[in-house]
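What follows is a set of structures for review.
What follows is a pair of complexes built around chain A, which joins chain B in one and chain C in the other.
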Partner chain A sequence: MMTLFGIPTAALFGQLLLGLINGAFYAMLSLGLALIFGLLNIINFSHGAQYMMGAFVAWLALTYLGANYWVALVLAPVAVAAFGIVLERTMLSRLYKLDHLYGLLLTFGLALIIEGIFRQLYGISGMPYAVPKELAGGWNLGFMYLPIYRAWVVVASLVLCLGTWLLIEKTKLGAYLRAATENPALVQAFGINVPVMITLTYGFGVALAGIAGVLAAPIYSVNPLMGSNLIIVVFAVVVIGGMGSILGSVVTGFMLGMLEGLTKVIYPEAASTVIFMVMVVVLLIKPAGLFGKGA
Partner chain B sequence: MTHSPVSLAVQAPTVAASSKRQSLFVAVLLIVALAAPFAVYPVFLMKGLCFALFAAAFNLLLGYVGLLSFGHAMFFGWSAYITAHAAKEWGLTPELAILLGTLCAAGLGAVVGWLAIRRQGIYFAMITLALSQLMFFVALQAPFTHGEDGIQGVPRGHLFGLIDLNDTMNMYYFVLAIFLIGVFFLYRVVHSPFGQVLKAIRDNEPRAISLGYQVERYKLVAFVISAGLAGLAGSTKSLVFQLASLADVHWHASGEVVLMTLLGGVGTVLGPTAGAFLVVTIQNYFATAGSWVTIIQGIIFVICVLAFRAGIVGVFAPWLKKRGIDA
Partner chain C sequence: MHKPDALLKVSGLEAWYGESHILHGMDFEVAAGEVVTLLGRNGAGKTTTMKSIMGMVAKRKGSATFGGTETVGLASNRIARLGIALCPEERGIFASLNVRENMVLPPVVQEGGMSLDEVYGLFPRLLERASSQGTKLSGGEQQMLAIARILRTGAKLLLLDEPTEGLAPVIVQHIGDIIRQLKSRGFTILLVEQNFHFAATVADRHYVVEHGKVIDMIPNDQLSQSMDKLKGYLGV
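And now, the complex of A and B:
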């Protein structure tokens, strides 16, 4: 058996791949959080619940409508975004003039309601969701076995993140968005409908969570609690990266996922806490976050 | 001038009358608290009092410094573990076990506060939440906490080696005494010059800085006091239920204390107590109804944030204030 630093390479690369996949989810979720925070100035606590809803839409569509994975990949983000837009219009929009902490509290309450309802309906044991047959199987790379679906998740997440980055940095719409993040009143004065932009941004950020949920469904089982523990880690990722830069959130997400995977090989006991420890170190050295601007 | 001095005097009670009414108000509340265990199940009351102290400690930060800590369960839950361990494994008397738990919570509060006050607003909330999740995993893995089982069968022991706390009534008055000491201490802190500076920081931090206050130090001291009193509540709860478990360090508990404070009235003296008793009542009432507790708590959160930001006591506070009572 091949070894590297005294660790079997198969185990090492296996865990690194798992870490990369976790990192893909951290990246997609923290990207959505950062987008929403940029324009709405609220931290969307229900992001984890909306990620869980994405996975459930996929599962429900398969179970009751017979819709396959590819249909779910389109259906789930649209459904989750529609739900998010309703929330934004009916509730969140009433809070923009208040302290930002109220947005956090409201979305926390919404997360409790959503999770409670799904738990009441579907229990906590979790439902399996099969890997789509086009992506089943795997490749033997010589040093490790690579399931095709996992490679797909990493590629899909990278494409999504890069696409979002291009949309925001290189298009006219993105320019409006960046301008509105800097100074909404001025952008409004130029005749751009900022409230609609805010609504759509919330919908887009939440849709990212919905897609992430569909991507996660075949890897982790579809479970009402899948989002709540993940979102706290994503909060730590956001504190570490700082929400100032889109590429920053993506890079931080992937890096921390890999670090977590690596910790699982070297010192498994610390795997669940390593990201929080990194957060402590970052707070000590660079309180604004690795890519942050100011506090 | 339509307001003659005479009519003003009629509208606002004089200082003497006001303090008399305040004393009467406090006396009535005290009598209710002393008589309550003869009318209501005492263990329920003790649970309510522990959470009320927990919420009051949390309220010091949110209501008077404007800091939203989303990780206060770590102080509540960890002090419960320390007290339970000290009472069960080391055979400490209840007052020493509680003291030890409280001190450990204050110490943990010093470290967490020192890290978290480097960031403000929403980041502060996220950092405290993440650190409490870190402490949750430590509690899950540390051998002495017994993982999912928790520390069970914690002996209540004899207070000062004399008073048997296994007697429910003795335990109730002990818990009530701790609650009153804790809340009175918080009341004194809020109404001291130190408390005035905290409120100044809440209302206008840059201005407090420009007046020469070391804002970070004030925030840290407030954080340590809040963590210590949350620990006092957790320690007491572990003796009441003779159990320290993961539920008390979970982020759900952090969310519950926010809910209690919000529902009762942020920044009021009695609000957290009212909120705590209401939330504990809901928990008891729906205990067998599965996830409904979570759903109802979420709904109350949403209603409070959207339409009821003053909270229960906050709604009555102006009315009481006019009659010379500070709630």
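And now, the complex of A and C:
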């Protein structure tokens, strides 16, 4: 058996791959959170529930409409964004002038309600969702076995994150978004309809969660609590990367996923807590986060 | 003093920040092509007047018409689209945008604005610094950028809030030249100034603001006769 630093390479790469997959989800979710926090000043605690809704839209569409995975990949983010836009217009928009705490409490409550409804309707045992046949199977790379679907998830996440980053950093629309994040009143006084921009940004941020939910469906089972399990870690990622930093959330998401995987090989007992230990250290040394600005 | 062809006509304009009542019925007007200043002590309500015209103050009452259109009650993005643009007191240069992005951020709201080349012609320094981060510019350069970026938009009325504040004399002179050039190009300008010596070099008329009200109007050609009165108003 091949080993590296005394660890069997198949196990090492296997765990690193798992870490990379988790990291892909951390990155997509924390990216949406960062976008929303930047412009809306709201810590969107219902992000996990919206991710779960994305997975459920995929499952429901398959079960009741016979719509396949690829259709779900378009349908779910659109549905989750539409739901998010209604939330933003009817509830969140009333909170922008208040402390972050109010937005956090409201979205936390919403998450509990949404998850409660899905639990009531579908139980908590979880529904399987098959890997689409185009992405079934895997490749034997010699040192490890790589399931095609998992490679797809990593690539899809990278494309989404990179695409979002380019949109924000390199386009006119992104310039409006960055400017409005700094000084919404002035951007609006230049003639931009900032309230609409805010609504669409929330829709886009939760759409990312919706897509992540569809990508997750074949890997984790579709379960009303899948989001609440993940969101706590994602918040740690956001804190470590720096609240509101787009690039920071993506890079940190992938890095921490890998770190978690690596910890599983080296010292499995610490695997579920290592991210929180990093969070504590980062908060002590650089409270604004690794990529955050300010003190 | 009430000319029928006023481009901006402010009457009985009141404004509040939360519970504090700041403007208590401002009355003044600016004719097309004029440069008019608002003079007054710190805290008199000059910036609040600018922001109220621009729709950036949540609670306002009274009237401010631009080209006959009532702006009180419109959202600030709608007011901007009528052809009014603000150069704010704090300059409002965006740190997450480079100079070029800052320059082209305000959308063109009407035809007839200056082209980007013309703007860079007035402010060549900004072209040299085009890829620097906006807030890495010097204070004077940031002020140039804050003025430059609203010239492309086609806005006919420019609200310039203390463009000379804290700047070296040569730069103040340069800004004076720019304002005179803008006037000759047909822009209408409402200028807030602390420095009335500077104001006298660019403006047609001056309104004196105190406690959220206009208390006097002095045509520029009577400024020297009115100097003692003005010094009294401003407490200098």
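One rule holds in what follows: the second predicted complex is superposed on the first by the 293 of 295 C-alpha atoms of A that agree within 3 Å, B and C clash if a C-alpha of one lies under 4 Å from a C-alpha of the other, contacts with A are read in each partner's own complex, and residues count from 1 in each chain.
Everything below uses one rule, namely that a residue touches a chain if its C-beta (ideal position, glycine included) is under 8 Å from a C-beta of that chain, and two chains touch if they have at least 3 such contacts.
Keep in mind that this is a model prediction, so the values were computed, not measured.
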First, second, both or neither for A:V239, with chain B first and chain C second: first
Chain B versus chain C as contact partner of A:A34, first or second or both or neither: neither
Touched partner set for A:G191, first chain B, second chain C, both or neither: second
Touched chain A residues, chain B compared with chain C: B
Contacts of A:H100 with chain B and chain C, given as first, second, both or neither: first
Those residues of chain A which chain B touches in one complex and chain C touches in the other: none
List of chain A residues in touch with chain B within their complex: 37, 42-43, 91, 94-95, 98, 100-102, 104-106, 108-117, 119-120, 228, 232-233, 235-236, 238-239, 269, 272-273, 276-277, 279-280, 283-284, 287-288, 295
Footprint of chain C on chain A - complex, ascending: 172, 175-176, 178-179, 181-183, 185-194
Of all residues in chain B, those that touch chain A in their complex: 68, 70, 115, 118-123, 125-127, 129-131, 133-134, 137-138, 141, 251, 255, 258, 262, 290-295, 297-302, 304-306, 309
Contact set on chain C toward chain A in their complex: 54-56, 75-77, 79-81, 85-86, 88, 92, 94-97, 101, 104-107, 109, 150, 153
